[in-house]
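Given below, in the form of structure tokens, are the structures.
Here chain A shows up in two complexes: once beside chain B, once beside chain C.
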Partner chain A sequence: MSTQKLRKERIDRGIKVRSDGLYALMSLRELSYLTLPRFVLIAGMLSLPFLMPDMYWQRVISIVCIYAILALSFDFLAHYVGLVSLGGAFFIGTGGYVAGILNSYYGIPPVLTVPLAAIIGGAICTLMLLPCLPLKGVYFAIVTLMYPLFMARIIEAFDLFGGTDGLAGIDSFSSAFAEQYLVICTVLIFLFGLRRFVTTDMGLIFTAVMDNDQAVKASGINITKYKALAVFIASSAGCMAGACLTHIYMWSGISQFALDFSILPIAATVIGGAGTLAGPVLGCFILVPVSELLRDFGTLRIVFYASVLVGFILFRSDGIMVFMQRKYEQFERWTKI
Partner chain B sequence: MEILVYGTINSVSLALMGLGFAMVYGISRVPNFAHGALYIICGFVTWTLFQIVGLSYFVAIILSLCVNGILGMSMYRFVLIRVRGMSISEIIASYAIGLVILEGLRFGGFRGMTYTLPVFMEGSLMIGGVPVDYHRVVMTIIGVALVAGLWVFTHYTRIGLALQGMAQDERAAMMLGIDSDFMAMVAMGFGAVLAGVAAILILPLGNIVVESGYHVLIMSIAVCIVGGLGSWMGAFFAAFIIGYAQILTVVYIGSHFQMVVAILAIILTLILKPSGLFGQQKELEERV
Partner chain C sequence: MNQDMAEPILQMDKTSKSFGGVQALRDVSFDVFPGDVLGIIGPNGSGKTTIVNCITGFVKPTSGRVYFKGEDITGRQPHKVADLGVTRTFQIMRPYYSLPAYKNLVIPLFSPRAKRTGGWRGGGRLGNRQTIAIDILEEIGFERDSYIPFKKTSTLPTGYLKRLELARCLALKPEIIICDEVFSGLSMSEIASMVPLIQRLQDEGITIVMIEHRLRELFQVANRVMVLNFGQKLTEGTPTEVMADEKVKEAYFGSEEVEEVMIYA
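Up next is the complex of A and B:
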């Protein structure tokens, strides 16, 4: 039996090469090649509230978007700054409680609490994480994993802010559409904003901090300042998501510090494609609805997404987004060796 | 006196929880976040073998420890070996495995108050005017004996020395003919068995509940971080510090704060001295 030796080679599509440079502006075809994926994403997300059949699935969209914001902040911190934070729940919980306190104690309407929670919550998270910023790798991951547990225990032990019952009776958004478009627009703004941001000079410094912090320090740049800034960006995104969550459920409580908010965004990031920023959003759109479908089976959904996570880490560690991007930009063919 | 006695008992049980974690991390540099899950699954396997299959208690314990060892080894062989060296993937993968086990058990119906293991010996004795039941005494003795035994094992047997060599310098150990992947697998198996031993010694004192898997994970991380990741003698001493601190807070402040102490210990240690009390890592590696 003779075996023919073949290998697969990947070559950039012509249109991809043509649209790389300034020449993309020359023809509509190249322009649409570039804008199509972005357009599909934006139009798809904006039309989602109309496509969903009932209230329940419209609520799911909001939840998906909240997870997507968290996943974005995780991806940004982990793959552009090099700080792997396992404490998404910390951001959500802080933002949720800040919004809840502002609303129920001071009567501030949701229009103001959401941005306020983003800023105040971001500041609180950054201040609390400030001493941990010099840590790297496993150590930072462990310490951020502990923060949400710590906050939950503190609230429980001191019986703060309603203790185990949480804060109830918080105002909801004025309408379902306002709620959905708020979260959808937030996801889009954060997605495209962060994509733009990581290519700026400051984004370059962040990437350099991730690659070799000693070298950055040696060039006279204060890396703690930049890390704190990155944490502030990521945590205010997370806090904003938390504030939206509080207003959607009209309640904020200890369960906002729960594990779900830490592990699901990470799973979404791994599945969608780490370091692509669009990938985590995509991952959330796959994972969260499936886990909603499994809600009847109780904890089975955690089993489900944890096993998906393990599978992807082992066999498809680059994620769906990278795969799709490759298909879109390159073609493959078999060649003889 | 009460504080002294119960502090010691609490410390030893913490040391038992943390020992497996410290051993795995010390040797293969894999933070095994499935530690709590291995602990709980050993309890449930023992319970199943003892109550449902009807084996004698001793046989059930031996069998479930074997099962745990195999589980740990296969976890390393089939999953963690592929992400070895990427510390974040290691954490996420092992944590996800732990979640699968714990939540799978919960889904499988293992919840509620009905799962208990029998104690080794009934009755109690007085130590300095404090009543202590025999089981806690046995637990303390076995715990201390286990630490001593591990020390002897790693210093005087061939496989123990190989494990120690790998912990010190993996590349040099490989040059001397130590199969590092095999050794890491063995270490993982040992870690799982230690988790199982801890489970069998500690679980008879209460009910087997899935939630305590997370609790055990946090406690073992606390012990290992305070003692210094990778140094299991450090972990043993740290267990005493945290153990007494916990009992003192329970006595003087309130039992709500027991967990706060542990988590606070982790955060403070990482902020102030990330290499822990007896850490062997260089400061520069973990801190900028």
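Up next is the complex of A and C:
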């Protein structure tokens, strides 16, 4: 008996071939082929507040979006600039405190504190990370991991901004809908904005810095300036998320520097698909709700996280997004060899 | 060229560089005049690449000074040196492997210098970077119709990568190009097609410093040659003078090639 050998063959769908790069779209069908995934994502996210059954799950949506912004900022820095940053908690904490201080000390309303926290917080984070910009790879990662720990201890030791109690009594957003649409729209704007940005000529500089920083220097370009710009973009996104978090919980405190904010976005990026920007958002929509469902198991959740992560790294290391994209763009069939 | 009249465009003055215990350069001085093609030759490890690095700011000289048009540029950061129009290629090529070939040139075209000057052919105005990039690649020997400019850089053969190194310099509208072994690793026919290119750049008024092991091709384009040995300058002169020099014959590798070249010259 002979064993029959089969091979999986992948063929691009005709529409992909015609639409990839050269946007010569011939029909409504081709147009919808391109826009459908984007439309599903946008419509899906915008309808989430209506689909969720209760307050609790609506809150989960907000938290998912906050993590999604962090995951976007991580993915952008790591895979388009080459700076692996574990500073998610640093961004969230800085943004959270800036919003908290502006609101409770100066009485500035949330509509202003959120954008202000993005700008001021982003500037603070960028300035503090400036000395680390020449570092590469794991060294940058380690230093960025130290920053949130450092900040939390400083606030604790000097009893700044309410010390360990934090700043309480901060204004919330005007309504649950306002809160959810703010975070959902922020995710969408950052997602599509960054996807567009990385393909512009300036976005290309970041890729070049990641690929070969010496050649960028030899091209007469100041790489420190561009790295700082990238860190500013990523950290102001994170700080904005932090400001939202402060207003959602009406409190800002040192637990905003918790390492969860650094670690979970990375796990989401691995699961969703590194370097795809949309993937990490997707990853957050899977990881965060699941972790909420597992809340009853307490710290055992970590075991679940770890196994999911290891599983993905071993079996689907390019992530869900790449997998789905391939299914969408290509036929697969078994052929005899 | 007319060395008595012209001011040197680039000067290295008693420059030394040591890496820990290794003295890579020892009191090296030389001048480059506008329009020159200066060849630098020397055995492996004699400090040629270190000279390039000292000029372009990739390493700081331990002592000595580097001047560009009389301005002291010693230890200036690489991007600032490049901004002056002092450009270099890398001996170990440094393209952006993840980008298509033409997008490699979008990077230098995005630099402040290219914005000021308009790039290689630009008269001060910069148009669409991607179109200019493809034009530069075509001029430097990428066949436009073959889609080679659009291929991913990691799939290109060495010959194209060497041209890409030169193209990166050209995109900046350079005053000086320092070529670190652009011929090495190329086939005879590829080198033969690069020689006219170098001559054309010289005709356009770009000053060129060429570090080269391929003496035969170097002597076709260079008007002066400096010889380096163990980090020290042995001698300097026209190709014929240098080849006649006893010290050079002694120091330079198994003098066979030297003789071969002498006959040729």
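Just a few scattered comments:
Operating definition for what follows: the second predicted complex is superposed on the first by the 329 of 337 C-alpha atoms of A that agree within 3 Å, B and C clash if a C-alpha of one lies under 4 Å from a C-alpha of the other, contacts with A are read in each partner's own complex, and residues count from 1 in each chain.
Note that a residue touches a chain if its C-beta (ideal position, glycine included) is under 8 Å from a C-beta of that chain, and two chains touch if they have at least 3 such contacts.
Since we're looking at a predicted model, the values are computed, not measured.
Shared-chain residue A:Ile337: touches no atom of chain B or chain C. When the shared chain is aligned, chain B comes close enough to touch A:Ala78, but chain C does not. In the superposed model, A:Leu204 makes contact with chain C only, not with chain B. Of the two partner chains placed by superposition, only chain B is touched by A:Phe297; chain C is not.
In the superposed pair of complexes, A:Val270 makes contact with chain B only, with no contact to chain C. By the touch criterion stated above, A:Lys217 is placed in contact with chain B and with chain C alike. Of the two partner chains placed by superposition, only chain B is touched by A:Leu135; chain C is not. Between chain B and chain C, it is B that contacts the larger number of residues in chain A. Residues 214, 217, 223 of chain A lie at the contact with chain B in one complex and at the contact with chain C in the other. Across the interface of their complex, chain A is touched by residues 31, 79, 82-83, 87-89, 91-93, 95-97, 99-100, 103-104, 106-107, 218, 221, 225, 229, 254, 256-257, 259-260, 263-264, 266-267, 270-271, 274, 285-288 of chain B.
Here chain C touches chain A in the complex through residues 56, 58, 77-79, 82-83, 87-88, 90, 94-99, 103-104, 106-114, 129, 168, 171-172, going by the rule given at the top.
Interface of chain A with chain C (complex): residues 201-202, 204-205, 207-208, 211-212, 214-223. Chain A makes touch with chain B in their complex at residues 78, 84, 86, 131-132, 134-139, 141-143, 146-147, 149-150, 153-154, 156-157, 213-214, 217, 223, 263, 266-267, 270, 297-300, 302-303, 306-307, 309-310, 313-314, 317.
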